Structures are given as structure tokens and as C-alpha cells.
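What follows is a set of notes on a single structure, which appears directly below.
Every chain is named by a letter (A, B, C, D, E and F) in the order it is written, and numbering of its residues begins at 1.
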Amino acid sequence: MRANKVRDIWAKGGGVINGWLAIANSFSAEIMAHEDFDSVTVDMQHGMVDFQAAIPMLQALSTRDVTPLARVPWNEPAFIMKILDAGAYGIICPMINTREECEKFVGACRYAPEGYRSFGPPRGLLYGGKDYAAKANETIIAMAMIETRQAVANLDEIMTTPGLDGIYVGPNDLAISLGYSPNPEPEEPEVAEAVATILAAAKRNGVKAGIHCPHGPSALDKIKKGFDFTTLANDARMLSAGAAVEIKAARGQ
Amino acid sequence: MRANKVRDIWAKGGGVINGWLAIANSFSAEIMAHEDFDSVTVDMQHGMVDFQAAIPMLQALSTRDVTPLARVPWNEPAFIMKILDAGAYGIICPMINTREECEKFVGACRYAPEGYRSFGPPRGLLYGGKDYAAKANETIIAMAMIETRQAVANLDEIMTTPGLDGIYVGPNDLAISLGYSPNPEPEEPEVAEAVATILAAAKRNGVKAGIHCPHGPSALDKIKKGFDFTTLANDARMLSAGAAVEIKAARGQ
Amino acid sequence: MRANKVRDIWAKGGGVINGWLAIANSFSAEIMAHEDFDSVTVDMQHGMVDFQAAIPMLQALSTRDVTPLARVPWNEPAFIMKILDAGAYGIICPMINTREECEKFVGACRYAPEGYRSFGPPRGLLYGGKDYAAKANETIIAMAMIETRQAVANLDEIMTTPGLDGIYVGPNDLAISLGYSPNPEPEEPEVAEAVATILAAAKRNGVKAGIHCPHGPSALDKIKKGFDFTTLANDARMLSAGAAVEIKAARGQ
Amino acid sequence: MRANKVRDIWAKGGGVINGWLAIANSFSAEIMAHEDFDSVTVDMQHGMVDFQAAIPMLQALSTRDVTPLARVPWNEPAFIMKILDAGAYGIICPMINTREECEKFVGACRYAPEGYRSFGPPRGLLYGGKDYAAKANETIIAMAMIETRQAVANLDEIMTTPGLDGIYVGPNDLAISLGYSPNPEPEEPEVAEAVATILAAAKRNGVKAGIHCPHGPSALDKIKKGFDFTTLANDARMLSAGAAVEIKAARGQ
Amino acid sequence: MRANKVRDIWAKGGGVINGWLAIANSFSAEIMAHEDFDSVTVDMQHGMVDFQAAIPMLQALSTRDVTPLARVPWNEPAFIMKILDAGAYGIICPMINTREECEKFVGACRYAPEGYRSFGPPRGLLYGGKDYAAKANETIIAMAMIETRQAVANLDEIMTTPGLDGIYVGPNDLAISLGYSPNPEPEEPEVAEAVATILAAAKRNGVKAGIHCPHGPSALDKIKKGFDFTTLANDARMLSAGAAVEIKAARGQ
Amino acid sequence: MRANKVRDIWAKGGGVINGWLAIANSFSAEIMAHEDFDSVTVDMQHGMVDFQAAIPMLQALSTRDVTPLARVPWNEPAFIMKILDAGAYGIICPMINTREECEKFVGACRYAPEGYRSFGPPRGLLYGGKDYAAKANETIIAMAMIETRQAVANLDEIMTTPGLDGIYVGPNDLAISLGYSPNPEPEEPEVAEAVATILAAAKRNGVKAGIHCPHGPSALDKIKKGFDFTTLANDARMLSAGAAVEIKAARGQ
């Protein structure tokens, strides 16, 4: 089975630089695939992307040596299994607040006996290779989003779920859950402390720690702090930011 | 009929800042519509965009007060009339090299007796208003691309075509036609001189001059030189450039 | 944040005239947006419309001053949150039969602490404005469909759910649940009585009452009876009815 | 080969009632196919419809016994041959002004030696049957639009083009060409007279006469006057008209 | 209501030959509809097909006298009800392991009082006919997939669920659940025995037995053994197998 | 610039085995890309494929080491240049009957001074590499279809067009043009002789000879006869043939 670059980088102790796709288009996905990301995630939760549009996006990512991941809209087996069948090499699942939810999530990513994923991955076999059935459980990555007060209260229970590869911090929702305005770069002490608590728990429990970052410098900072996986904003933000800069220059502002 | 911002700016002697869409997606188009462009052009020539995809892009542009334009793939009435019917408020037409070609182009943009455009603009009526038939000829903009040695030799003949509103310089093709490598910012003296010649001819003939620019500072420079319409690269370039910057920062490069 | 016309009309004691989209097309959606509706709902339950197709439909609605709503296919957070992220300004949720179900529904529409909606509304921010996070909870409308015998038995429990803005009667399903054939205009006394009971409960509990109507005169009648929100059939019915009338005339029938 | 209902009706001296699709959607197309049309035309000229969207529309029409036609965007072989390959059973071609243009058009609809259509109709074979190659030339209908002053001056030359089945009057463009505002129901004497002249020429030359009508009563009138083929507005008009009526009723206007 | 060919064949004691669509395209679906299948199933679980793409596929199937079915991605009412509304005449539901799950599944396929399906089938009415509401419960087929050890332990409980028409064996998942590699043609004695046990239970409980087969000879064998419904691989397999054969021949291999 | 496998095989004197895509879907395209083709052609002429659908198909082909080609619908620069911009590495152009037509075709494939192709290949740069502008003219392949009596009469004039890489025989159209029924495997002596004449002319003029074949054995035969490029039917035929075989087996026929 084709290797998972995220696992390879982790095996070497490195930090993954991940791209994020909210625009449902295979050309913009291919543009992103040509940048120097280690992995790129199709965001099916908050991105403007549904399953059908995700397929050519995953294909566009497959034109390059970048590992394709997906964030699913919710912790439901239908969403998880379908996008894995389409060739995603890992799932980031939102709003995992309890051990039970985490087991439901991880189980959907794994064939029996490790889980209850149903078999029949048509594009998975094309992208992964003919030994997909035998090696998918050890290749596919499952990352649970930690983004609520409740989740922070259940860190060890969640993180010790068998088969869980890592957790992923959603700073905006975490801030809201703790009573603050959403903020992609946690500044309030209570939120920053919660992030540190989550990171420490990940280290303690031997799972990888990922986090969503608003920009490159933030990602560099997070990797220095010990995070294993950082996402750089998303394609939509990069586009609007890029346009704004050029327009100001054109207007002499 | 809804006003054409490009005409309004020109009437005041201003220079238009134009966006450019090569990604066939209505969400990225809407993102661009929320930036401070005066007009945004759907590029159906070199963009990865066909008619069907252009419709929701034009609709996305219509959610904001930004004038929607289109570059057609070639000087053919089918392409020009269809996208006008879909609500484009102006056409940029590639490779106009002779007066005859220019007349064919402008005629496709105008109802009789000024031209031979066929009537029946379903989205044009929604976007433009119920007096579309009466006012389309004076509202819709027709800009001919000047981008070959042959066109440079025919400047006055082309620019005096009745109904032509402006010309649009394609620096890459102009450079190739003159024997150089494509370059979005003309540097070779012969190419730069050709651009200046075109600009002067536009001034002399009373048509507006537009030009494709690789970035904001270039557009500012062109407007200072007298250009009336400047395009800032395109969405695809903004996305890749934005991603590259953030990745380098994340990698500490 | 951009105002919600439905809320504004309700604040003035008026009755909302709502359109309904079952055809997955942004041009037909824009046609509907140009008619004199106060709000238009993308029907993702019984309409032939999925998430990806709904986005350009919402964009088409956004070209006009008409409030965009969505009916979700089922009471699941994934459906509710995704279409809110895409800019819907209210959710009509089918088959709410108990207080628990209603709490699950309303919670998916509200950020903490009022609910558990996850943050990251890319098109919501474009359409709503930059203060979306702060004002979404008070702007977005949540309407629970009352359409079963069980729901009628639980009216007060359902209607007192905190954050619920209104209920919406589905006459067809209500008729079936009470043992009759589906009928968009309730005629059987038991069904008509159930509708009256629901309306009275809405008034008693201070929530708005909406209902699906087969045509304009029915809507006028319902508003006179005290309903606050009426839907006029849908685009598919209007199209087939319009075609049938013209064909008969053409055939001299 | 499956019979062409339009030919069958003409063979019996009847007048065809034709539907018109400007909405690029297969569900709305199927709704129209369930109404009592003899034929339904996918409008690829002024409709918001391109080739890819037209395929499922033709498939939707094929679920019923209604003959599928297409209006092409312009008199170009690429457009004509592609949609014939997709199963259209007839072509309405805009802006035929000369004998030469008509020959180019008809030739694109016919295999050699009658024309120069290229062979390879994948959906044509599915819809038409295995004897498609042998019988297509006699089954497919070619109708040339007469809609300019120039065309009216060339009626006999155009109408005697071998293989031409009929002509189709476009009242809006004809009015514009004659110096009037577009009007789907010709009222100006000069336009009405031109329509009568065209009809008389069709009768004289033994080709069928079709015309675009704004509504059913107009179509009935035209058939009484001798027209063989009448189109009833289009789906977009039926939708907007239907919505307007219901909204007024709902508002008690 | 239009008859269900699967029911008709079963009523005569015959075995159904079913096609399977994993390619999200209406032209390939129409090709399959022209082959000699009794029914064709749109696979929304492992196929690369979502709701929006399934609609034109169902329309393509409706051009021929072949019964359209769908496999849903998971046992959730939203998926089941939406595709029934779009005209599917039967549902194959994966991973039914308990009586409770089976009741949830069957209930989603049936209007009250037999179930809790919500009414409003826009394409169902077009395809099925105007008496859809009255006859859908007896026409639509519900088949539960038996594909886990747990399901095999609950056969009689599952199969006696009121309204269940049949079961459908998924050999790959069954093999995995029993501890073997996935195999579309069960060879391991334990798996083959489980299949036989399921078949016997179906006969004992009076429900029909279906099974997924890798090719035609396997299906013939299964029908001889008493299965009532067999699927022949899918479109994707047929395409890749066909291509491989021709390439080898072309290469002289 | 990424190498063109077709050129590489030709440089070694080999015969290319080419696949052909008529189904507008990126998953079926990716399936084909995983078979052992040297090149795969997106058929935009007779295939059910337009530009927008072709993009993800080209991306799917780009996931493998198979060279992507396109057949355009007609000899028009708009079609040729757009699909080259999207990354096609060669064009097969139908109905080239004269030297003038061939020059128009080849010119559209080449940047000045060899031709008049317009510059701006967004996906071409991603797929081909950053030196695309410099090397495209020598990398992109231009093949003219010879498929009429007129073309056979002009073989040397056509084949000596500067920049033409090869010709491609369309047996069906050639048969029709010579007065026979279409036949993918030329059997009539006159047609077979014409094919031999074309092949000999290609050899004489030093251009490569391609031909469309109905199946693998035919391709093997053609390569043995000296053809340099053979296409194996298309995806649609492979699918229908594969389904027919399995159904017969399942029915014991």
C-alpha cells in the first residue's frame, strides 16, 4: 500500500505542514498540491465541499506526492467511510467529547476486528494499491478534534482509545466553549492554557497533537512547542488575503 | 438598466482595478467579489472555466456591487452572446488582429442596427433590469485584445471600429509574437515600446486602454502611465503565492 | 450582521410569504429571488437538492434582498451546520416529535453556550458580515416541523424549548400520521383541528407559526387565521402548473 | 430507429406544441416531459444551458414519449453534431440569413452524401436504436431560424436548401432587425407582415413553418394561421409567471 | 403506480439479475440500462456517488424498463428517504445487525402507519405515478444487508421485521467479520457456511435472499442455490476488466 | 517539461496503445489510467464530454504515468487551445480535408512563430512544468484525422504541413464518405484500400499513422501493418460489452 507521508514524518519525529481546502474545485486543489505541503485536507465540515466535489479534489491531490486527508462534517460512519473509500488517507473528526464518541469514530476508520468499517474502497484501491484491505488499518490516520470544555475534561479517556492516532485542536470552537469569542490564535490565558493541557495530555498518552493555525508563523510556533501537525489557514483565506494585498498596492494604499 | 461601474469610473477619468477568475467555482468568485475590485472578469479563454461553470460565478459576483465581465475563448459569436445573455457586462476578446475581426467582435456585442447580437438574455434581464433591450448597447463594454505584431500594425484601423470601447493588452502573447519569451511584465525594449505604442494609439483614437498586470504594483504603474483598466494577475496566482508564503514561514525558511 | 427579513417582518407583526426551491439550479433560484418573496427556502429534504447544489442557489438568492432559508433532510447536526455555514439564515427541521429532538435541533443552530454549533462559517461571514460570530445566535431562525400525532401530543414541551423561534406545520405528513391520505390543504376535520391546535399552542407559547400551503389563496387564508409564515407550494409545482395551463390553451382545450 | 413525433404529426397535417428549456436541470426537464408537449427543445443559445448540462436533460426527456430537440448557440458544426450525438432528434439553428449558411447548417445534420456530419453517436444509438446510421438522415429534423431582414430577402433561396425540413421564426430578433423593440408577439405591421411573408414562403416551398410564441393562446392563433410548429415561451417564464400569480394571491393583491 | 419488476419476478418465483453503479455518471448508467438487467442499483455506499449525482442516474435508468434501486451509505433516514423521493424503487441498506436496526431501516421506507417516512416525493410521483402515496408501501422494496457475525446471530429476529422484503448478503464484509480477508466469492468453509445459514433463514422466514456476486457465473450458481436476487460486480469492474482484456490482445500478450 | 510518452515510444519505433474516454467522469477516467495504456484520449467530439468535465478527467489521468490527449469537437482554435491549456499533451482533430485546414489546426497547437496559440496554460504549467512555454511546441502532439474522400485526395498536401506530427484514420467516417455504412473495422475493399493508401502516404511523408480500432486484436493487426498509434474502442463500449457477457453468463445463456 502506498505510504502515508504523515506517518512517515511522524516516525522521524517531524512536524507535518498541512494544507486545507474549503473551495470545492479540483483545479484549486491541484494548485495547492503543487505547493510544499506534506498533506492536504479536504474540509467537508466547514468547507463548501460535499462528497461528490471531494472526489476530483482527492484525484487532484493524487497527481502529486502529498497525502490526502479529509475532515468529515460530523462523527457519522456514512461520512467517514465514504471519503475513505474515495481514497482519503486519514480522517479529522470534529467534536469528539467522550471516549464513547471517540470509539465510534475510530471504529468507522478500521476494518474488523479493530473497527466496523465496511469494505469496498473503489478509489482507495486505485490510490492505495491492491494490498489496501490488508494494510489500511495501519495506514489510515484517525485524528479526533478536541474543541470543547467537555473534551478537555475527558482527555485521557479519549486519548487512550485504541487505534486513535492523534488529536487535533480546533481553537475557535475551544474558545467559544470556554466562553470567549472565536479566535484562531488562542490568546486568552484560559484558552491558551487549555491548548497546553491538551498538548501535554497527547504527549502523556502517546498520541500525536495537531492544531489549526491562522498562518505560517503560528504553525512554526506550534511545532516548536511540540505539535506534530499544523494546518495553515485554508485556500479561501489565502485567496482573499492575496487579493487584498494586491488591490491595496494597485490603489497605492 | 443597472449601471456599469467600469463606464462610471471611466466617465470620471479613473482607472479600473479588475479581478480575474481562472478557478471555476462560485465560492472563490464570491470571495473575490468581497475584495475591493471595481470589476471582476471570468476568464473563459485561459481560465479553467466553461459556460456552465461561469453562470454561478456571475451570480456570485452579483451579490456585490462589482461589475462582472468575461473574457471569451475566441472571437466567435456563440461564446460572446451566450455569456452576455448570462449577465456579463462586458467582453474582453482575445487575438483581434484586424479591423474585420474587430467588427465581427463588436457586432456580436450589439443588437441591430449597431451589430448582430441575437436577443433573449434571460439572466441579463434579471441582473440588468427590464430596460435591458433598450440600454444594453450603451451599457455593455467591448474590449479587443491587442497582442500580436499584426495587431500592432493595424492599431488605428482596429481602434476606430464603431462601438469599440477599449483595447486590452496581453503582454505574454505580445512578447511571443515579437519573438520573446512570454513575460507578464514587459521588460524587453521592443515589447515595452509596443505597449507604449498601443497606449498612445488608444489615446489618439479615444478608446480606453487596459492591460493585464502580474501584481498590484505593476497595475499602479500602468495606471500612472495612463492605462484606464488594469487586471491583477488572477485567483490561481493569488492562491499559489499565498500558500507559498505561509508554507515558507511555517517551515522557518 | 445583515438583518434577517423574517425576523423584521415578525417584529412588525407581519406574515412572511416564503418561496420553496426543489429544483437544484441557481438560475431558477435567481428567478424566484426576483419575485416578491420575503424569504426563499432551499428544500434539502424533499427537494432534489443536496449541499453542493445548494451553495449557488443560496448565492443566487443573495443577489436580491430576500432572506435565504433551508429545510434540512433530517434532524442531524451535519446537515444543519453545513448549510448554516453556507449562509442560510434559518433552518426548518422536519419531524420534531419530542422536546429532546427539539433541543438537539435548536442546539445545532446555536453557538455555545446556547447550543453546540461548530464555528467556521465561510460563506456565512461573506453573506452575514464580520460580526457573524457575535450575532448569529440572535439572527438565525430555528423552526421545528410539527407533523405527527406524537408531536401534537408534545406541543408545549416542544414549543418551550429555549431558542426555538417557531414551528412549521407539514400538512401532508400530519394527515398521514393521523390516518388520512396526504393533503396539502387540510380538509379532514381531525387534521384541520390538529392544525388549529398547533396554531393555538404556538400563540400560547409565544413562538411563530408557519405552514406549508399549496397556493397563494391558501396562504392568504392561513395568514388571516394567524399564521406568521406561509410557503407557496414550490418551484416544481409552479413550473408544471404553468406549463399545463399554456399547453391547454395552445391545444384549444 | 425510434420515430420522430414531430415528423409523425407533420405527416398527419398537425401542428406541433413544443416546450422550451432554459433552465439547466434534469429534474425541471423531466417535469416538462410529463406535461402534454409533443416535443421539447433544449435551448443552448439563449438558455442557460451548455452541452454537459444538456445530456441529463435529454435523458430526462427520454423517460417519456416526447421528442427531444435542441436549439444550438450558433451555426457551427461542433455544436450541432455534438448535441445530435447526445440524442437530440432535431436542431433549430439561429440566424440563417443566406443559402450558404443554410447549406452549412443542414450539412452538419446529415451524414454523407447528404451532408458532412461525422459519425459516432453514442447516446444517439441508445436513444434512437441500432439502425441509427441508416435512418438518421431521414429522422433528424433541421429547422433554420428566419429572424433578420436579410433572411427575409433570401427566403426562397434558403427554403429550397436540400434537406431543410422547416424554418422557425424568431419574432424578437426579427423585430429588432426591422428596427423595432423586441416583441415576442409581433404587433407592428411591418413585423407582422414579415411573419406572414415567411409563412407564405414556407408553404410555397414545401417546408414546415415554426414560430416562437409567448403563451398558449398565441400558439393556438399561429397554428390556426397555418404554422406547423409552435413553442410556448419557456420554463423560466412559466416559473416566474406562476410564482408572481401565487404571491399576489397570498398578499391579497 | 408503475410496477416494480423485482416484485413481479419474485411473484413468479424467478431470480433477479441486478446491475450495480459505482460511477457517478448518467451516460454510463444509461448504457447499463440498455443491457439486460432486471434492476440496476445506484451504490451510494461504496460507489463514488452522492445524492445529486444519483438523480440523473435514476433518470437514465428510467429511460428503460429496468427497476431502479439504491444502496444507501448507512442506515440513516435522511439517506433513505431522499433517494426514495428521487424515484428509487427499493433500498439495500448496509450493516443491519439487530432487529432494532432493521426496524429503523424498514420504517424509513414506509409511510405511517407502517413506518415513519416523510411524504413529498417529487420525482417519485413523476416516475411512479399519481397513486404513489397510496401504493408506495407495497411497491418499494426494503432489503437489509446481512454482513456481520452479529447479524448472523440475529437472523430470525431481523428477518421477521414487519415490512422487510428481503436480505442481501455482503460477502466481503461477512468474510472480514468472521476473521478472513475480504472475498467476493466466499470460499472459506466458515464463510460459505454462514452464507448458507443466511439463505436457509431467509427461506424459513419467507423473505427474499439476495447476494453480491463477482461475475455472471457466480450469479448463476447462486440462483441455482436458491437466491432470489444477484448482483453482477459493478460498472467499474466491468470497465477495468474489459480494458485489460483488450490491452493484452493489442499487445499480443 | 514532463516527457510525452507517445513521442518517446515513437522515438523508439514502437506502436502506441491508446485508450479513449467517452464517459464524462473522473473516476472512470482514473480506472482507465490504471490499465496498461500508453496514452488515453478524452474524446470531446463524439464522447459525452465537454470542457468542464474534461478537466478532472485530465487530472485523473495525471495520477498515473499515462499521456493525456484530447480529440476536439471540431477544427476551431477555441476548443484546441482551451484543452491544451488544461494539460492535454496532444490533439486529435477531426475532419482535416485540406492543407489550409491542417495549417489552421496545427497553428492552434503551436506558439509563435510556429503557430498562433495564445499563451496562458494554467494547468499545463502544473502538469508540464515551469519550462512549458519553451518546450510546448516540441512536446505537444498534433494529429489530423483523415476520414473523407477529399482528404484522401489531398494526402501529401496535408501531411507535409509543417509541425504536423501524425494523422489518425477514422474508419467509420471514411467508409461513409466512400459510400458505405460506417464500420469500425474496414472490410470493403475500397475502404481498406483507402486506409492502406493513407498509411503509405504517412510513411512516405514521415508522419506517424494512427487509427481507431474496435478492439485489441484489430489494434495488434494494425500495428503489425505499420501503424504507430492505435485506439482500443472506448470506455463506453468496454462497459456495455463487459455487462453483456456477465449477464448472459448469469442467465445461463
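Here, a residue touches a chain if its C-beta (ideal position, glycine included) is under 8 Å from a C-beta of that chain, and two chains touch if they have at least 3 such contacts.
Computed from a prediction, not measured in an experiment: that's the story for all the values here.
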Chain whose Cα centroid lies at the greatest distance from that of chain F: C
Degree value of the rotation bringing chain D onto chain F, based on Cα positions, nearest 5: 120
Same or different contact residues where chain E meets its copy chain C, judged by the half mark: different
Chain centre separation in whole Å, for chain F relative to chain E (CA means): 39
CA centroid of chain B to CA centroid of chain F, Å: 34
Centroid spacing, where centroids are CA-atom means, of chain A and chain D in whole angstrom: 52
Numbers and ranges of chain D residues touching at least 2 other chains: 22, 24, 27, 31, 34, 48, 50, 52, 55, 76, 122-123, 236
Inter-chain touch pairs (all): A-B, A-C, A-E, A-F, B-C, B-D, B-F, C-D, C-E, D-E, D-F, E-F
Chain A residues within the chain C interface of the complex: 22, 24, 45-50, 52-53, 73-74, 76, 79, 94-95, 147-148, 170, 172-173, 176-177, 179, 181-182, 236
Of chain F, residues touching chain A in the complex: 26-27, 30-31, 34, 55-56, 59-60, 62-63, 122-123, 126-127
Interfacial residue positions of chain A with respect to chain B in the complex: 17, 19, 22-25, 27-28, 31-32, 34-37, 48, 213, 215-217, 219-220, 223, 230, 232-233, 235-252
Residues of chain D defined as touching chain F within the complex: 50-52, 55, 76-78, 81-82, 85-86, 111-113, 116, 118-123, 133-134
